[in-house]
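Both complexes shown next keep chain A, but they swap its partner, so chain B is in the first and chain C is in the second.
Presenting the complex of A and B:
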């Protein structure tokens, strides 16, 4: 017996979101689209090969050519209204290709230039007695990598507890000031990194309270890290079901115990993601470190006493040097920095994915 | 099974009934206001540095374009730098806004699910690239390319005032710096516009289709008007980022103490953040450091205002409606 009304056949919101009425396709449509892609490509390739028009100009000619071809194809298959669609679609695909090209170009140039610098001494030595003209066999960036890790660790120690506390205020304590706190955290995420550096410089370093050191750099980084941690942690704590909170309270637990023994453990992986994203946000910032941490060719382990070098600052120092070896060192440092960022980024993604499942 | 909604009142009653909780509440509340304290601290401490500069130089600090401490009285002003920051941001937005809109249209409405998630992830990765690495890339990889593009622009469109170039030098131009900024702005703007467009109610889309809308008309009359607020907010967030960016611009922009009004492919331009970094290393004394701190104060004010407006717009258009 067939029922007239089957509730399971109503598309859910999730399925509805994938409804794309303009994607209806027929064979004629597919063939025309294929032609519209191939013909301009062939013309452009021919121009590359057989004419003396400069290559860059040919690339510029390609877009209008593709637009015209797609417009013709669209008007043949879908009539006049198809032309607007084709313009949108061609440009949207173009924008996507553009972003892919940029990312691949950055990663490719990092690998192709940076790998030349990598060697055991580069990874294990510091730069004492090394000048920009010293050949690549000598000196390394171990001191800078250590400096970066030290400063990031200091800033995480400061920013993570405050950031999580801010998130707890918004989702657990739910005081009267919640909208204001959120607003200020969001505004804080827009503070330019150079201003964070200037702030630490003028309040603590110029007044003589602390030295130009890893600690000062960590404070500047903490200003930049705090909003990222707070916002991500807030979103994560929001996912913890209210049932857990009411359950804990019903068992007679205090508010603080509920947070520390129920809510935070339930959101453990998400909190880790928040910390990782905060670290990834700051790890490549250069401008604040120029003012607060300085640079140092030797290895420094005391976070309060001396200026200290970091990966971003060592890149900054070596860019635009007239010596090829110095530039290769900059690419090498950049590669290592990018690898650190990529590891953090992937870890956050993997943790986040498990969380959703 | 329905659980009663937790009312703020109930939570507060539960929260204040125990002494340990009162301590906990107070500690958390104090921590929550750290961000406000820091923002206020930045305004107060940098403002305190800007005040004596203002007393000495008056408004000429904001209206002149010069950086010469050897003359007496010193001729110093950051107008060209403030204007330069805005010009670079405008160039960046002209490139980034259409690109991010098209990207999010592609991700939300067009791309197959797999491709959409690959694209989303790689744009997030783009946001994670440190600006110093982007600067390094721009200096060695983008510069030669951009040089060629700008020569073409000048050759074929040189009659448009924007594309004039008298010096024949096409490096260190606002166009290149703006292009690098655009690469940083695109991920920020895209993540907001993508979310906003993705929230267009499917019913509206289906209704538009039933009325015979094509993709173009649907976007024009349904999706874009629906997400207008969020899109504007996303653009403003990107603007805030572009105004404050330092290192990448430092590598590719030739800083000149002269106002480059609109010659975007002429070598030389200004940027407050870049001025601070480039002069900081060779500051001639406490007075010059104070001048840089004052410049930092105005940079802070400018980005703070832009960001606050952006956040107001974004939060009003639905982020809270979830």
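Presenting the complex of A and C:
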């Protein structure tokens, strides 16, 4: 005899509650974990307050103390197997908190110094007729922000296509020169940024081929951006499974179509990451711009004609001035630079989101 | 009472005893198990009992929740994002989803073999067999004996005994699958879950693995998902037929002895399915 499903039970079954039993914890577990967190903290606070142990040493003691406490908690709740897990968890959380604190303190110092500089004129005006001693109410860094955007755009226009093409040559074309290309790309990523600036200065600007301008700055940036884009793109293209390539080829696709319609779309998020990393590599670089783009208090929109100011260069210029207002301007510029980066990356992520057509 | 009649009653009595001996304790049991992915209910009210040292086949068309169900039996389901569950899964009478239960312990006792053979590519054949011991921190003496014993149980020993230190990737698909079975056996599980273990294999390898399953069922309880109905007939003591109507969660439409499911099903849909008329 077989057993049949009884359809009359469906209404009862539909009343079942949707739960995640694996997230349920016992009270004992919660209490032990809470104790494992609180007790070492209390000990450390007590050592800060009531003992002569140097503060630095107390902070060093904290990690092993927390490890021991978590180990005991783990062995009480999960048995011997839990101890190893607890060591990894404590270290991971500790490392995360550490990097979080670092990032927050960077952002905090930018905000606390930079917010003072922020004002409508600061965001909309250039620095024509502004000297380092001019009060904060006058002049702004709009021209420098524009310069940075212009130069990054030029360098991305040059480096991203070449970088992705390089990656495609290495992973998709797989030509004879692959080992050499990879070698040169790797060597290129070791080029110091100042050398990239010098190169453009001596070969193009001093020979009179181009002016000190946004274009020259963009070329110097492109030299720095190219290896980062190429190597990251290569890594992500390598992650695309070969089944996709053979699948497309088996449909009668040409190799070029396979690359552009199957492989690259599959790696889209990764390619966007490659571009982001490339931009992140260059956007704060100052040395090459000093030599190639120069500085200019006025707003420049023609990328070929005149020297142009950028955020890193104006930070560099201002921070060395003996006037507090100039230093505050530098902090404000740094804040704007960071906000620009954040906006750029968020937009890139939004564009790069995987959408299925 | 004549001699003939007496003999007849003795035979009847013997049959009774044989039947009584066949009743086995229940090792694994599910009670009203329903499974969700986010808000989509994929499985509803599964009540099954897996007796000790039997083979149970789960059959049914694609997308009816068989694989999802088998993954709830050793707590692999919860690793998927959005996974949720209702009901109870009892292993040796205790709910494996209880708050004090360590999933590692459950998975150690309830092993699993997947559709695609997944030997660890960086390890040798021997290393793969012993990997479970290393990964779970289990101590067992005499590794050589264990390797030979599990590979023999998985029906692979004769083919690989001279190249135990070769990379596992050198083996063919069927051999890899048997290696993975040996790997699962090395940690000495009480239950082995198999999710379409033969779907990527040729008939000869399939036959070998089926022999292995029959052999293993003397010592462990096996649950196997299969799309191959002949396979269910060949290896399984019991069979459960899963089915999901369009846009509705899957149910176990009918379950029972394999011979009954295939020979004398009560539900028309089961009859149609086992005769290959749909699905």
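What we mean here is this: the second predicted complex is superposed on the first by the 234 of 357 C-alpha atoms of A that agree within 3 Å, B and C clash if a C-alpha of one lies under 4 Å from a C-alpha of the other, contacts with A are read in each partner's own complex, and residues count from 1 in each chain.
Throughout what follows, a residue touches a chain if its C-beta (ideal position, glycine included) is under 8 Å from a C-beta of that chain, and two chains touch if they have at least 3 such contacts.
Just so you know, these numbers come straight off a predicted model, no measurement behind them.
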Practice prompt. Pick one for A:81: touches chain B only (first), chain C only (second), both, or neither.
Written response: both
Fill in: chain B versus chain C as contact partner of A:102, first or second or both or neither
first
Practice prompt. Considering only touches as defined above, state whether A:191 meets chain B (first), chain C (second), both or neither.
Written response: first
Worksheet item: Who does A:56 touch here: chain B (first), chain C (second), both, or neither?
Response: first
Discussion item. Residues of chain A touched by chain B versus by chain C: which partner has the larger set?
Written reply: B
Discussion item. Is A:323 touching anything from chain B or chain C once the two structures are fitted on A? First, second, both or neither.
Written reply: neither
Worksheet item: Which chain A residues lie in the overlap of the chain B contact set and the chain C contact set?
Response: 13, 16-22, 78, 81
Fill in: Touching residues (chain side chain A, partner chain B) in the complex
13, 16-23, 54, 56-57, 60, 78, 81-82, 84-85, 87-89, 91-96, 98-100, 102-103, 105-106, 109-110, 113, 161-162, 165-166, 168-170, 172-175, 177, 180-196, 198-199, 201-203, 206, 223, 226-227, 230, 242-243, 245-246, 249, 254-256, 259, 280, 283-287, 290-291, 312, 315-316, 319-320, 327, 330-331, 334, 337-338, 341-342, 345, 349
Response to the item:
As the complex stands, chain C meets chain A at residues 32, 34, 36, 39, 44-45, 75, 78, 83-87, 97-100, 102-104, 137, 251-257, 260-261, 264-267, 270
Response to the item:
Interface with chain C, chain A side, in the complex: residues 1-5, 9-10, 13-14, 16-22, 24-26, 29, 78-79, 81
Fill in: chain A-facing residues of chain B, complex
3, 5-6, 8, 11-12, 14-15, 18, 20-21, 23-25, 27-29, 31-36, 38-39, 41-42, 45-46, 49, 98-100, 102-103, 105-106, 109-111, 113, 119, 121-126, 128-137, 139-141, 145, 148-149, 152, 183, 186, 198, 202-203, 205-206, 209, 214-219, 237, 240-241, 243-247, 251, 273, 276-277, 280-281, 289, 292-293, 296, 299-300, 303-304, 306-308, 310-312, 315
